[in-house]
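In what follows, a structure is listed as structure tokens, so that the remarks can point back to it.
Which chain is which? They are A, B, C and D, in the order written, and residues in each are numbered from 1.
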Amino acid sequence: MSSELNFGDLSVSIFGESHGAGIGAVINGLPSGVELDIDRILDFMARRAPKKDGMSTRRSEKDTPEILSGFFNGKTTGTPLAAVIRNTDTRSQDYGNIAVSARPGHADYTGFKRYNGANDPRGGGHFSGRLTAPLVFAGAVCAQALEKYGIESCAHILAIDGVYDDSFNELDVPPDLMRRIKERPFPVINESREEEMRARVLSAAEDLDSVGGIIECAITGLPAGIGSPMFDGIENRISQAVFGIPAVKAVAFGKGFGFAEMRGSEANDPMYIENNAVKTSTNNNGGIYGGISSGMPVIFTAAVKPTPSIAKPQKTVDFLKGENTELVIKGRHDACIVPRAVPVVEAAANIAILSFLV
Amino acid sequence: MSSELNFGDLSVSIFGESHGAGIGAVINGLPSGVELDIDRILDFMARRAPKKDGMSTRRSEKDTPEILSGFFNGKTTGTPLAAVIRNTDTRSQDYGNIAVSARPGHADYTGFKRYNGANDPRGGGHFSGRLTAPLVFAGAVCAQALEKYGIESCAHILAIDGVYDDSFNELDVPPDLMRRIKERPFPVINESREEEMRARVLSAAEDLDSVGGIIECAITGLPAGIGSPMFDGIENRISQAVFGIPAVKAVAFGKGFGFAEMRGSEANDPMYIENNAVKTSTNNNGGIYGGISSGMPVIFTAAVKPTPSIAKPQKTVDFLKGENTELVIKGRHDACIVPRAVPVVEAAANIAILSFLV
Amino acid sequence: MSSELNFGDLSVSIFGESHGAGIGAVINGLPSGVELDIDRILDFMARRAPKKDGMSTRRSEKDTPEILSGFFNGKTTGTPLAAVIRNTDTRSQDYGNIAVSARPGHADYTGFKRYNGANDPRGGGHFSGRLTAPLVFAGAVCAQALEKYGIESCAHILAIDGVYDDSFNELDVPPDLMRRIKERPFPVINESREEEMRARVLSAAEDLDSVGGIIECAITGLPAGIGSPMFDGIENRISQAVFGIPAVKAVAFGKGFGFAEMRGSEANDPMYIENNAVKTSTNNNGGIYGGISSGMPVIFTAAVKPTPSIAKPQKTVDFLKGENTELVIKGRHDACIVPRAVPVVEAAANIAILSFLV
Amino acid sequence: MSSELNFGDLSVSIFGESHGAGIGAVINGLPSGVELDIDRILDFMARRAPKKDGMSTRRSEKDTPEILSGFFNGKTTGTPLAAVIRNTDTRSQDYGNIAVSARPGHADYTGFKRYNGANDPRGGGHFSGRLTAPLVFAGAVCAQALEKYGIESCAHILAIDGVYDDSFNELDVPPDLMRRIKERPFPVINESREEEMRARVLSAAEDLDSVGGIIECAITGLPAGIGSPMFDGIENRISQAVFGIPAVKAVAFGKGFGFAEMRGSEANDPMYIENNAVKTSTNNNGGIYGGISSGMPVIFTAAVKPTPSIAKPQKTVDFLKGENTELVIKGRHDACIVPRAVPVVEAAANIAILSFLV
């Protein structure tokens, strides 16, 4: 299903358009009796919300979800949990010329072809990054369900415009580090990199341009033996979910493309026994072999392309008239969506991982 | 399903173990009435077969599939098409010490944990690269079904051990080039790179080691408007299928991780009209926006880790005894599986793409 | 998925609890560009609403759905169509003793066991007949999508408490008859049966009891060749959907259980050509052979058990205390839900049939 | 998927045509480590095989399955279990006139339309009752997996041509009775009914005709709380599976259509506590409320239409020429398939039930 993750007994269905009445999610297959701390869900969602730091859109997205079902006496019921987020502060007039002039890098033209012109084009409609709000909601719910298994995930900005943060220690991602990263408005491991990253974003913004980056995510606490071979393992589910985030164009596990320059003797993770547990002394494979967890941290990265909405004039087409044209996108747009995409990647990972346990 | 691709109305189910009676595939949802040229299917499968060039395992895998159903009077019936490949030349004794000593980089330990020790460990069992034979069969069938839509795919070795082939021209991948690549025993675009790549593989083999690489795949002829937003678009289905290939650890579309160092003004593909068709003057996005085809070639890359089976002594564990040990893998193994994985990636792409059209 | 129909490229996900904030549906995979006449959707839903005729609950269920997404400029967008119905007039206190005393014939105890006591028990929670409101909404949307294929469905009361209406003419169900049935507050073919049926319901109500019945549904306009063999044909999908309606305990196609007393020479439908079309001179098989439509009307029946909520004292258990007890159900309940279930059965059929065409 | 049951984490995919090279099944998602007694699987399959008693086709179907994968050291591996049954004794010439003259009551015409004439028509092709052999194989495997949960199922002939066997005692179906029924060549509860049932079948055969019937199936040992509400509960899965059996035209749970003449006070099953377990003193609902098991026996019936292949001349059409014609079916056909369908219904139930437990 196009806007639904169907992962065995767990599914997450996302609906809505950027400028419609509302957006939301239905989560089916949650375990029953999971206590949900709504404040912590809102905190998770706040990590995705635009910041007042000049780095992201100035819209004040309240994005408070209303839970309609599946939640009773403070706990999940086990029946479908649905939540709706109302769309309020939207300025459709900003997008007046999008319906006919395709924004390069966006799905305006492909969506038009896919739906024979019937889709809602305002603000990208169903293709909008705003649809990640209910995805984050679902991932925040799953995060609390994962806690009873002792599983936690954390993502951070690994790179923006070529400036790199430290990577996670592939052998050990302590809870304390995860907590600190999640509390930071600018989620990096090495805070000394923040200033240069911010400078790159602001420089791009001044040039009416945008920049891309890389997000790294770690999941800890997963015991060995979770997942499945071939088409429904950890890599398959995480990639299916993460490629559902607009602007993500690549997903890599462990050393990823770095394997292309490694030898087997270097890439293979030596195994050893410690305290009766099997461990590996490197974790190049990102904690996954044959689609199944090894017990080491699961680690992956996702590439985020530069925000396609830039204020520079761009060559494009009016696909209704069939004419070449030039487009200047007005409105408010993030010069870099990487920081806001960090909790979205984490949310997608949470859904994928929980699906193996329910 | 763990060993099954369920893509809307099309599914491919893979079964078998490396040293069991047989392996095979069931393809469900093929269009009826597609003429299948069996010789061309065998040619496709031969591209995956080991070569007698010192680069791959010396087993003579006949791998001739027997079609059991779904094929009548030279055409697909539309009902399930099942094919079986018998396992013949297998030397189980070569794997005598695997059952207890986990091969680093393999799924021996994770598979043991996943199946509580009941899975068939011989030759990797269901995790073996041999399971890609029925996957290639299925992809070869889908390739012929795609022809009636004017769609063709082609993969090549983009890199081995840091030596790079040319990339496809992202704007135009002509049929003639595809044909030539598919006919080459060593499928590269720029044949001058073959010698150095082969040298790297042989050098690794001499060192009882192995090397990894990158495969690039292009799909042409896909009209604009194919795919879906969020979780079931082209990127989601291709990545789910391609991550089903053992040793693939990363999948990227268009510029992939390269987007992390680009600005939006560079990354966005300018659009223009030519002969009443919408085109883009660059194709950084690999022909996909919002999960949907733009009409430009779909282009993606996949990272292949070095063959984990190397003859060098490796530190590992006997997970039955719970002891550290050292392992020397005997038997016959490719020092580089990238050339053989090329048609497998292409096959996976064919299945994913056909699924959007049936 | 427990509360979701996944029929190829079409899915309908239902959420909500009887006394929660709201109930609703997400329809995924609708064709784009289908004009929706909201008034006709409300008319369809009104057929399910309780009537002020002494036959059904006195709650005034407004049940007006708010469409949140997937609907733009009066047409379906092709992206997920979500709708929410607020719960307003609910009197939880009427159900005060249900949480502990299982209502016989209801899912109170089985739901408690399934969800380890975490499900919302008020008014049956997610098991409530109220959940059929969003199902009818979805079926009403699908009905309008089916019109462009020339397909229409219609259900009627075939029996209540042993009093039988006429059956559809299996060879011809004219549009005019369908229209008239849908307009009737008491949907029967032969209006002379209405009085006796109503008398049976009122008699049961006077006895603090309830009665069951049978609903018959016909679908016309389906061309020959729609459906699939074995597990995903018309019978499979219709039965999966119709068994999703609370109180339905049997589904039969064509002569159904009547086949048990027929001979093959009588049961086989003789075929003939008329105006270049293949027809059958009887339609015992309900228009379906091998899961696939023949071009004749598709006809099926569904048995509806008597409303389990009756005001008579009943023997039951307090499953928290583990004690036998007696229960007197208060509150407002239909003595016969068959009339209100008629459009629900029709809605389920619409979803199933549309799924084969998108 | 048309020929595949996708039940959460368990799937069964059936392939093959009656006169092709072979038929078979792939079972995905079986628990690992289940010991399989192959002899007992063959015994189960033998119950479906034609008997030499004049009641069924004289073909000697060996139907010995070859397990190709998923079975190692006498146990399931947890990876896909595939089995193939070769087609051997087939006389295609018997079916020479079927390709053009549609057999009334069969899927010849609907299959032709569905697959645009490309499907294999010989012996019904993929629509043949022969495809129930791999279904029974899969159900026999699932039966052994169910044993570790203490769950057993048993079906019997409830009626043939209007002659009725006793029904199961809805409150108690003892293992000993199940065993005896399964050992009987003519599986009835009350053996005094066998003679008259057989007489009806032989009478029909003498008249070149056939008869239908009803099969009843009970499943015991299922604890309370198994299943799900709405669309993916026990009734939904069992009906989806059982309607996959050719000739089944109706499925009913508990009192089924009998509810139409009952009052709620009679239909509701009174509940009580016995030995700390919740029980019901009647079991009209067939052990299922809201799609979920109550802990009482699950009981359902399925109507089987008379064998459509009869030797009497029948009016039909040559759908290639578009002409009316008369057909005399030659070949060997059962005058009543009900006895052979008994283990098939049981097998379908086993698959459905196991799917809730894995």
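Here is the rule we use: contacts are C-beta pairs under 8 Å (C-beta built on N, C-alpha and C of every residue); 3 or more make two chains touch, one makes a residue touch a chain.
Everything numeric here is computed off the predicted structure, so don't read it as measured data.
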{"item": "Option reproducing the contacts of B-D, where over half of them reappear, out of B-C, A-B or A-C", "value": "A-C"}
{"item": "Pair with more cross-chain C-beta pairs in contact, given A-D and A-C", "value": "A-C"}
{"item": "Inter-chain centre distance, subunit C versus subunit D - centres from mean C-alpha coordinates, in Å", "value": "26"}
{"item": "Intercentroid distance (Cα basis), subunit D paired with subunit A, Å", "value": "46"}
{"item": "Between subunit C and subunit A, distance of the C-alpha-averaged centres to the nearest whole Å", "value": "39"}
{"item": "Residues of subunit A engaged with two or more neighbouring chains", "value": "1-4, 9, 14, 79, 114, 126, 229"}
{"item": "Touching residues (chain side subunit C, partner subunit B) in the complex", "value": "8-9, 79, 229"}
{"item": "Partner subunit C, residues of subunit D touching it in the complex", "value": "1-5, 14, 102, 104-107, 109-114, 126-127, 131, 159-162, 204, 207, 209-214, 223-233, 235-236, 239-241, 243-244, 246, 249-273, 276, 278, 280-281, 284-286, 288-294, 301, 303-310, 312, 314-317, 319, 322-324"}
{"item": "Interfacial residue positions of subunit A with respect to subunit C in the complex", "value": "1-4, 6, 9, 11, 13-17, 20-24, 26, 28-29, 32-33, 66-70, 72-73, 75-82, 84, 114-120, 125-126"}
